[in-house]
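Chain lettering (A, B and C) follows the sequence in which the chains are written, and residue indices restart at 1 in each chain.
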Amino acid sequence: MKIIVCIKQVPDTTEVKINPTTGTLIREGVPSIINPDDKSGLEAALVLKEQQGAHVTVLSMGPPQADLALREALAMGADQAILLSDRAFGGADTWATSSTLAAAIRKLEWDLIICGRQAIDGDTAQVGPQIAEHLQVPHVSYVTELQVGEKAIEVKRKFEDGWQRLRVQFPCLITTLKDMNQARYMSMAGIYEAYKREVKVWGLADIDVDQANIGLKGSPTRVKASYTKGTRSAGKVYEVDPRDGARIIVESLKEKFII
Amino acid sequence: MDFQLSREHQLLATTLKDFAENEVRPLARETDEKEAFPVSTVEKMARFGMMGIPFPKDFGGAGGDNLGYIMAVEALSKVCGTTGVILSAHTSLCAAPIYEFGTDEQKRRLLPDLASGKKIGAFGLTEPNAGTDAAGQQTAAVLSGDKYILTGSKIFITNAGYADVYIVFAMTDRSKGTRGISAFIVEKGMPGFSIGKKEEKMGIRGSSTCELIFENVEVPVSNLLGREGGGFGLAMKTLDGGRIGIGAQALGLAQGAIDETVKYVKERKQFGKTIGSFQNTQFQLADMQARTDAARLLVYRAACLKDAKQPYSTEAAMAKLFASETAMAVTTMAVQLHGGYGYTREYPVERMMRDAKITEIYEGTSEVQKMVISAAVLK
Amino acid sequence: MNISEYRGVMVFAEQRRGEIQKVAFELLGAGRGIADTLQEPLIAVLAGTYLTDAQAASLIAHGADRVILVDDPRLGVYMTEPFTKALTAVITAEKPGIVFFGATTIGRDLAPRVSARLKTGLTADCTALAIDDASRNLLMTRPAFGGNIMATIICPEHRPQMSTVRPGVMRRLEADTARTGETVRFACRIEAADVNVEILEEVVQKEEKKNIEDASVLVAGGRGLGNPENFQSLQNLAEMLGGQVAASRAVVDAGWTSQDKQVGQTGKTVRPDLYLACGISGMIQHVAGMEESGFIVAVNKNKDAPIFAYADIGIVTDVNRLLPALQEELNRARSV
């Protein structure tokens, strides 16, 4: 059985701070990590490797620095690593990203694709299902458990109000949640080998894709503006009776769309 | 001269940090308070190959190096001094001498289980009357056919009770003094071998420090490590390596205390300002970090020399001397900067201070290190 | 693509087990405003089985001008492919300029698939929607980078402009049964082959308890609550807000709750969207664990409590009297 795990290198957003005077994002010193949902997907694949000899390929699209995420995946136990990296792929939204990844996947042999549900820098949860659509295979998202049979996979699919157990025939794609397992650490031996092994780098010339479907040009959406939520101004303090206090709180929660 | 870590070592540093933060830090306080050997942590360390970092893959190791190994001791010690010393004693004092001085048969028989962490190692040299003066060994081994009969006891043995393999030193010929000392591999379960009193300690309280008792223990000749009479030299060489490990433990404790202090002084306010904005705090931290970085360079240099198969005995002694005294000074300053809170168990710096003290004592006191260093200086 | 051919604002009316979900009405509320700005119709699409006119009527009462019912036995339970096929067919036929889905575990599964099939853009988890005056493009604003920044996304050259919208953010309109609208049934054949996933088991249950680090709302209690019973009462409030209860160290040490609820330097570091500190003085050790929270509300009797320096809203009052009042106010806000 052959598995492709799509991973994204992301800034650890929990380490991101806002500069209190300028209100801008401080990106310096923020470590780059494998996106947590993706890492759990990789862990699930590596368990299948141990249990039934699955062959695990990790695939990432990103700048050359994303090499590090792939080395980490190799050190965790992946068999093969491919980095899709080309200036032409830059500026892609989820549509263009998924069409690029799908083009790379078409060059590979596989039964199952595992993507993390969503990346912590974008939180879209769109790339996985969109890859499946480009490849015209079924997908199941929000997977928290899986078992692999000979021709199909059985998964537990989470909803806000319950779950389903589903069976899908190969080839198919699933998106996984980080709660599904605890990803292993890189093994010491794996680390010492990580840079002796190959990370294939594929550019535009290596995949068969229409240039109209990739990068900024191939992206239907555009970022028109982005801004930080602003610095935390000193809050307001009210000395009031409990009833008025409750009203003030509810009003503020409404304003902030919390309720 | 290149002070950059290689890419592999950078990768190693990330995973070691994650491991220490997620798996070791949460247990550190309990390990200390309950004097509980962190069995489950050691199992996890084994799973990721941490118990055999510098040994070749053929022997079940990670195929790594000593620099990587001491980085692991440092990373663990940053959050828990106990866990750091368990790894150091296991690797430097047991697996390493078997790898360096063992026969091929001994290596094949013993190293894979040690390097994979299936078995834990320990080292028994110190006796009630033979501490710094190792030549005063009372434990004796008498050859009888294809066995040595061991009698005597050892004290202050790290990992005792939890270890499966012990490197034990005994007199095979008292008339020859230090040249009459031999090293033996004693295994858990050998009849007559038992664990005696467990010490109650000031620091590294989760590490098991006990007495070893040998009552006519029959040790097969195949478990003689090195040649008969070669034990003293073997012990000294082993301790050279061990000192790098303890230097790394001290280094971790110092850096851990700095990290805790930095967090604290940015948050703690007095006189309307964070205490980190006071120059006294800033200058203290500058001292702490500069000394710790200097210690790191010494410790890393010693490890790199060992990896390069160059002499490192003096450098290891300097690394251990400087790092352990730095750890003691830095953890003490950290407690001071924490004020009253620093003296309570709610904050980890008091534990780090207690843990740091032992690094100036075991595997050769600071005074012993000075003897080693001055001998080289005056040569 | 001739963009001008695309008119109307479409809302995917999510139903589960025949029940139209709250988020559908919220989308209608938001969609109504957008449709009015554009002077275009608001269309609701309800896909399922045994769909009723009453369901269509409730969508109209909440703002829809037109309801499209896609009724098929294979649309009874949500499955990706049958729903993708149905929605794609409706959108292709109707050519709306805008389509909204709820950013639920269904909407976020379906919308990407539909957008990929239609080759159009999709913006995830929007919290604000508006129309650009000049271009008449939809402005879709969403948090990104772990909530650290907000980004406004446009989809200028593709139609429809699609987005998933965060549940609970948009205002639903009050039901107006006098509203009129058109209901049509849309025929779309879902084939057996479209059912490419087999449902083996389905369980409806509320989510199990999460860690406080994962909660988007935390109601945290401190010693100011006075006794363990008052602390227990936070649970109900937390549930109303879809969050969890957290605690200061003092409360954990007093044994009112377990250590895993403790926020602070020696406890956990949290950054929920809302942190409601009840009777917590705000010792630095506590603040270190929660100061990155999105919105901090503090209630404390002592106006000099340090927590007020970190709070966005501070209420100086008796927390034990405020809590019941707050629950009443919340109920009132909900029922509107």
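Throughout what follows, a contact is a pair of C-beta atoms (placed from the backbone, for glycine too) under 8 Å apart; a residue touches a chain by one contact, two chains touch by 3 or more.
Note that the structure is predicted; figures quoted are calculated from it, not measured.
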Nearest chain to the global Cα centroid? A
If you average the CA coordinates per chain, which chain's centre is most distant from that of chain B? C
Is the C-beta contact count larger for A-C or for A-B? A-C
Centre distance in Å when chain B and chain C are each reduced to the mean of their C-alpha atoms: 54
In whole angstrom, the CA-centroid distance of chain A from chain C equals 21
Any idea how many Å lie between the Cα centroids of chain A and chain B? 40
Of all residues in chain B, which are in touch with two or more distinct other chains? none
Two or more other chains in contact with one residue: find those residues in chain C. none
Per the contact definition, I'd like the list of chain A residues that touch chain C in the complex. 11, 13-14, 16, 18, 25, 93-95, 98, 120-130, 132-134, 138-142, 154, 158-169, 219-229, 232, 234-243, 245-250, 252-254, 256-259
For the complex, which residues does chain A have touching chain B? 31, 68, 71-72, 75, 184-195
Per the contact definition, I'd like the list of chain C residues that touch chain A in the complex. 16, 80-81, 84, 104-106, 108-109, 111-113, 115-117, 119-125, 127, 139, 143-158, 168-169, 196-207, 217, 241, 271, 273-274, 276, 294-297, 299, 303, 308-318, 321-322, 325-326, 328-330, 332-334
Residue numbers of chain B touching chain C in their complex, please. 263, 267-269, 346-347
Can you list the residues on chain C that touch chain B in the complex? 265-266, 284-285, 287-288
